[in-house]
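Each of the next two complexes has chain A plus one other chain: chain B in the first, chain C in the second.
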Partner chain A sequence: MNTVAGYNFAYLDEQTKRMIRRALLKAVAIPGYQVPFGSREMPLPYGWGTGGIQVTASILGRSDVLKVIDQGSDDTTNAVNIRRFFAQTAGVATTDSTGEASIIQTRHRIPEKPLGEHQIMVYQVPLPEPLGRLEPREAVTRKLHALADYGLMHVKLYEDIARYGHIASTYDYPVLVNGRYLMAPSPIPKFDNPKLHMNPALQLFGAGREKRVYAIPPYTRVESLDFEDHPFSVQRWDEPCALCGTADSFLDEVVLDDAGGRMFVCSDSDYCKTRQGAGHTGSQSPIPAEAT
Partner chain B sequence: MYVAVKGGETAILNSHELLAAARRGDEGVPEISPAQIREQMRLGVARVMSEGALYDEELAALALKQAAGDQVEAIFLLRAYRTTLPRFGYSLPVDSGRMNIRRRISAAFKDLPGGQVLGPTYDYTQRLLDFSLHAPAACKLPPCADEPLPAAMPRVADLLGHEGLMEAELPPAGDPAPGDLSREPLRFPADRATRLQNLARGDEGFLLAMGYSTQRGYANSHPFAGEIRMGEVALEIVPEELGFPIAIGEITLTECQMINQFAGSSTVPPQFTRGYGLAFGEAERKAMAMALVDRALRAAELGEEVVAPAQQPEFVLSHSDNVEASGFVQHLKLPHYVDFQSELELLRKMRKRHEGRKKVSVTEGNPLFGTGGKAHTEIAVGENA
Partner chain C sequence: MNPLLRVEGLSKRFGEHIGCADVGFDLYPGEVLAVVGESGSGKSTLLKLLSTRLAADAGHVRYQITGRGLVDLAELSEAERRWLLRTDWGFVEQNPRDGLRMNVSAGANVGERLMATGARHYGQIRATASDWLARVELDPARLDELPTGFSGGMQQRLQIARNLVTRPRLVFMDEPTAGLDVSVQARLLDLMRELVTDLGLAAVIVTHDLAVARLLGHRLLVMRRGRVVETGLTDQVLDDPQHPYTQLLVSSVLQV
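== the complex of A and B ==
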């Protein structure tokens, strides 16, 4: 096991990890409630996943298999860096495969492949307070949560509809957890919101800079806020993935040239690769050698 | 054909090597050592220790070398290291009244017991670039004073306290142990001990601007630099097995007591109030700015109207930490493809709608005075089509 000399398993000392696990237990007991915790300075900058890293460090065991994604991809620089961090400080096995991972740390996406009961999702959260943009004072938002007074948010969504004809939030779309707490799902696209609902996996959220953790236990109700006459809906694309042909994943737009050339590909790189491996093709797929 | 970008790991490792080479600079120039930084860049070292919240000149100097002189980066390095250190215990409160003083000035009194001690300061220099520093030069110490300074120098604020003109500095009811911001998250409302901890770690530039704003009318604190002192204080701990205090070393501190007017209230007669600043090393600008902000943050407690940013604890304390601020501002460099894609989609939808509305307005011949309910229905139909 190649770990960095002079540091404990998974970097944090055991007392700190225990403190974080205690906070996580409280978070699981009160789904959607933001639990303050003694967030530590990590050797990566605040805002770059320190909350998720601390949560992962505190739950990681030697037999875990870790997957880290950023924007759905295992290959973005920050995902690579965080995966390297745990490979070096904990020596755990890492994977790109959603199915093989026991812990998946993510920024901004939920994998397309459905998760199982044996898996834990760890979300990196920049701003845990869903009401923060409407009321910046924490002393006030805490009271609003205590009273379950979410009128502010409903009025904001209503004003969106009045002004634009639809709700103008496309990511970090507010959800109500277990019918009680309003929660920021982290900046995942609203496309991913339905995956939060009744998910068999445990979902943990870590906000390092803001020093909060929260959780959605397995099989918990998670509703995206909406109105009867303006039901919640997710983004759809006019064309399928250009590499694997799927029509039901979140697609990134890739600029091909400076003349308006565009293509759309899966943001979930493992999902796309797996489908391509199974023989699915799209409009831009490489032409197989035998066909030429 | 489009190929997804791979090889992030190699690129990252290469960027580390480029960074190391850039830090070293021209190899024809001798490499700087942490010892040189510690001895000759002591004010930079002090700031890294203060905001890095770790009193260790060696490590602060090393961090400055590693950060190529970038203070905030060096502070971050020191903080990240500090988290990994075990806690042996807490020291006794330091007694700045027994400070081994190297500098002590008061702007409130011309002379006072113990006297004005200028010490090493840039205050009375003319800011002319000294070209002789291009070459190494010997320097000489000034002659010693005829008699040593008294061992205990009374604090100026205490001199006024005897007359009742200065508010008493009393521990809060029950004298609770102060919180520890490095172990517990900041919560609001925050008590003064917690606020001071936050300010002591806070970014000097931020505190300077905040303190400055109180002088320019955003809050009104009428400050006087009652006393500024700098020197060495002994650090004492009480080991459990001994049961009595032992000194484990000394640290350099700069302390500032600001004196501020207070009109009084129905229960308290008019008197002076205090703002307090404390920083590691020689850090007068930081200590003074901190004292101004501390006093401004006491507005609510003293029954003053809260009208300015510097008086709002949530605004000041949540944004004072440069490790947090630097990380979050710079996280914008991380990929945001997914959010951006979502915004693109929304923007296209809104523009389509805007376009539809414009067409309807033109056909109705009434572009200025709104479209009315009928037009809206038509837009909705047009959009769905």
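== the complex of A and C ==
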């Protein structure tokens, strides 16, 4: 693909990329610790992935293959535009396939297909501070992190159980990284939390507005917080995916009509397509042409 | 017997103004020390210095840490100090809204210290919290209610429960009964006297109310302009005040 003239490789200048990479190295060295960095203005609004896009820009090489997903899907506005942005400013190859990608930038999901050691996940993070809602003063939350004083987070979980009978957080579910730092895993569903644990891929998190990066190095312990008598559990659905029939992926509910009709389909579009291509079918699969 | 807390030559200045000058005393396990004096006499400053919320300009506060002997608090790391504050110590604020989390339930308020010290069993935390509500004469059925719905006296009792749940050895109290009406004050005092005796707590209670000092305090420290002017057994000091200021203080109490 033709690259846009007048821009440096991957949009950011080399000094900026170096600065971000230095912050990333520090982040990898201290798993889960939020490292401040000089976040730049990017040509997209805050909340659309300014942090993730800067991390991707700074680690992207000419031979990398980039995949971008938004809510698990490759074809939503955010994903399409970020993918095209890097195709135009860096001229790198892009893909929809999880297996072929070397860098996967994501908003709100981790692909269903297990990742490998050659891959890097880049998460777009709106609010990097897991204690932020409980303690608004950042000077205090930093101190709590420094002293590993995380009782406050359990107060929140306690309050959830007292009020709703179960822990009500379903996304951005707090985790403890490497037994030390409390971390917000970005707004991924808690369904994806177990995938953070001992993942062979390097996982990088970028928060553009809040000017923080953090990381989970490959094969790092990541535990979701819970109580002994209210253990952490992930979402389950009563029916399998209506298109590929899988029962072990994260499903989106799609409303079909105004008479209560709905279907559940995989949120990971590449995973669903791959399964359909391999001949798996679900209750709403299109009827093959030769059968009609 | 070894003292629990040993204070020597404690001083704090705020510019020209003296907050606290050359205060010293020993506090033994199970002993309740009442600090009385008029407004601005340095009572609260003393309490803040003792509880390491303020750094002293001069002098030492030493505390008997289990297994380590008397340790100068200024030499502890911040992590160790915070650990002390949420396990071995309690701090009851004058205004319960400063000492409670008003946006979480009573149960979470009492359970916070347990969770901060590693309790991870919801059922047990809840049972302990419920037990403590009963001990401070709050209805355990209100475990899941927010403290905002509690009366001032109930909030104060909730704050006491929240502080005592880790079974501290030393509790600091800053005017614990101020702002409560007289009948509620009397019940709270009764309750505190009972808890202090039951748990063998040592306490430093700051108050301007001589009746509170008389009822709770074993020993009395009379402060004026940042200095200790008289000290001794509570009954002795109140019945036979030696210093002119103490005499004034005792004679100023209204008799009904």
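Just so we're on the same page, the second predicted complex is superposed on the first by the 291 of 292 C-alpha atoms of A that agree within 3 Å, B and C clash if a C-alpha of one lies under 4 Å from a C-alpha of the other, contacts with A are read in each partner's own complex, and residues count from 1 in each chain.
Keep in mind that, in the parts below, a residue touches a chain if its C-beta (ideal position, glycine included) is under 8 Å from a C-beta of that chain, and two chains touch if they have at least 3 such contacts.
Fair warning: this is a prediction, and the values are worked out from it, not measured in the lab.
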Original post:
Of the two partner chains, chain B (first) and chain C (second), which one does A:K17 touch, if any: first, second, both, or neither?
Top reply: neither
**OP:** Tell me which partner A:L256 touches in the superposition: chain B (first), chain C (second), both or neither.
**Re:** first
Original post:
After lining up the shared chain so the two structures overlap, which partner does A:K67 touch, if you call chain B first and chain C second: first, second, both or neither?
Top reply: neither
Original post:
Between chain B (first) and chain C (second), which does A:R275 come into contact with in this model arrangement: first, second, both, or neither?
Top reply: neither
Subject >> Between chain B and chain C, more extensive residue contact with chain A >> reply: B
**OP:** Considering only the touch criterion stated at the top, classify A:E159 as touching first (chain B), second (chain C), both, or neither.
**Re:** second
**OP:** Check the residue A:H145 against both partner chains and state whether it touches chain B (first), chain C (second), both, or neither.
**Re:** neither
Original post:
Between chain B (first) and chain C (second), which does A:W48 come into contact with in this model arrangement: first, second, both, or neither?
Top reply: first
Original post:
Quick one: in the complex, what on chain C touches chain A?
Top reply: 78-79, 82, 86, 101, 104-105, 107-108, 111-113, 115-117, 120-123, 125-126, 143-144
Original post:
For the complex, which residues does chain A have touching chain B?
Top reply: 7-8, 11, 13, 36-43, 45-48, 50, 70-73, 75-81, 84, 107-109, 126, 136-139, 164-166, 168, 170-171, 187-191, 209, 211-212, 235, 242-243, 250-254, 256, 263, 265, 267, 269, 284-286
Original post:
Where on chain B is chain A touching in the complex?
Top reply: 1-2, 4-9, 11-12, 76, 79-80, 82-84, 86, 182-189, 314, 318, 323-324, 326-331, 334-339, 341-346, 349-350, 353, 380
Subject >> In the complex, chain A residues that touch chain C >> reply: 147, 149, 151-152, 154-156, 158-159, 161-163, 226-230
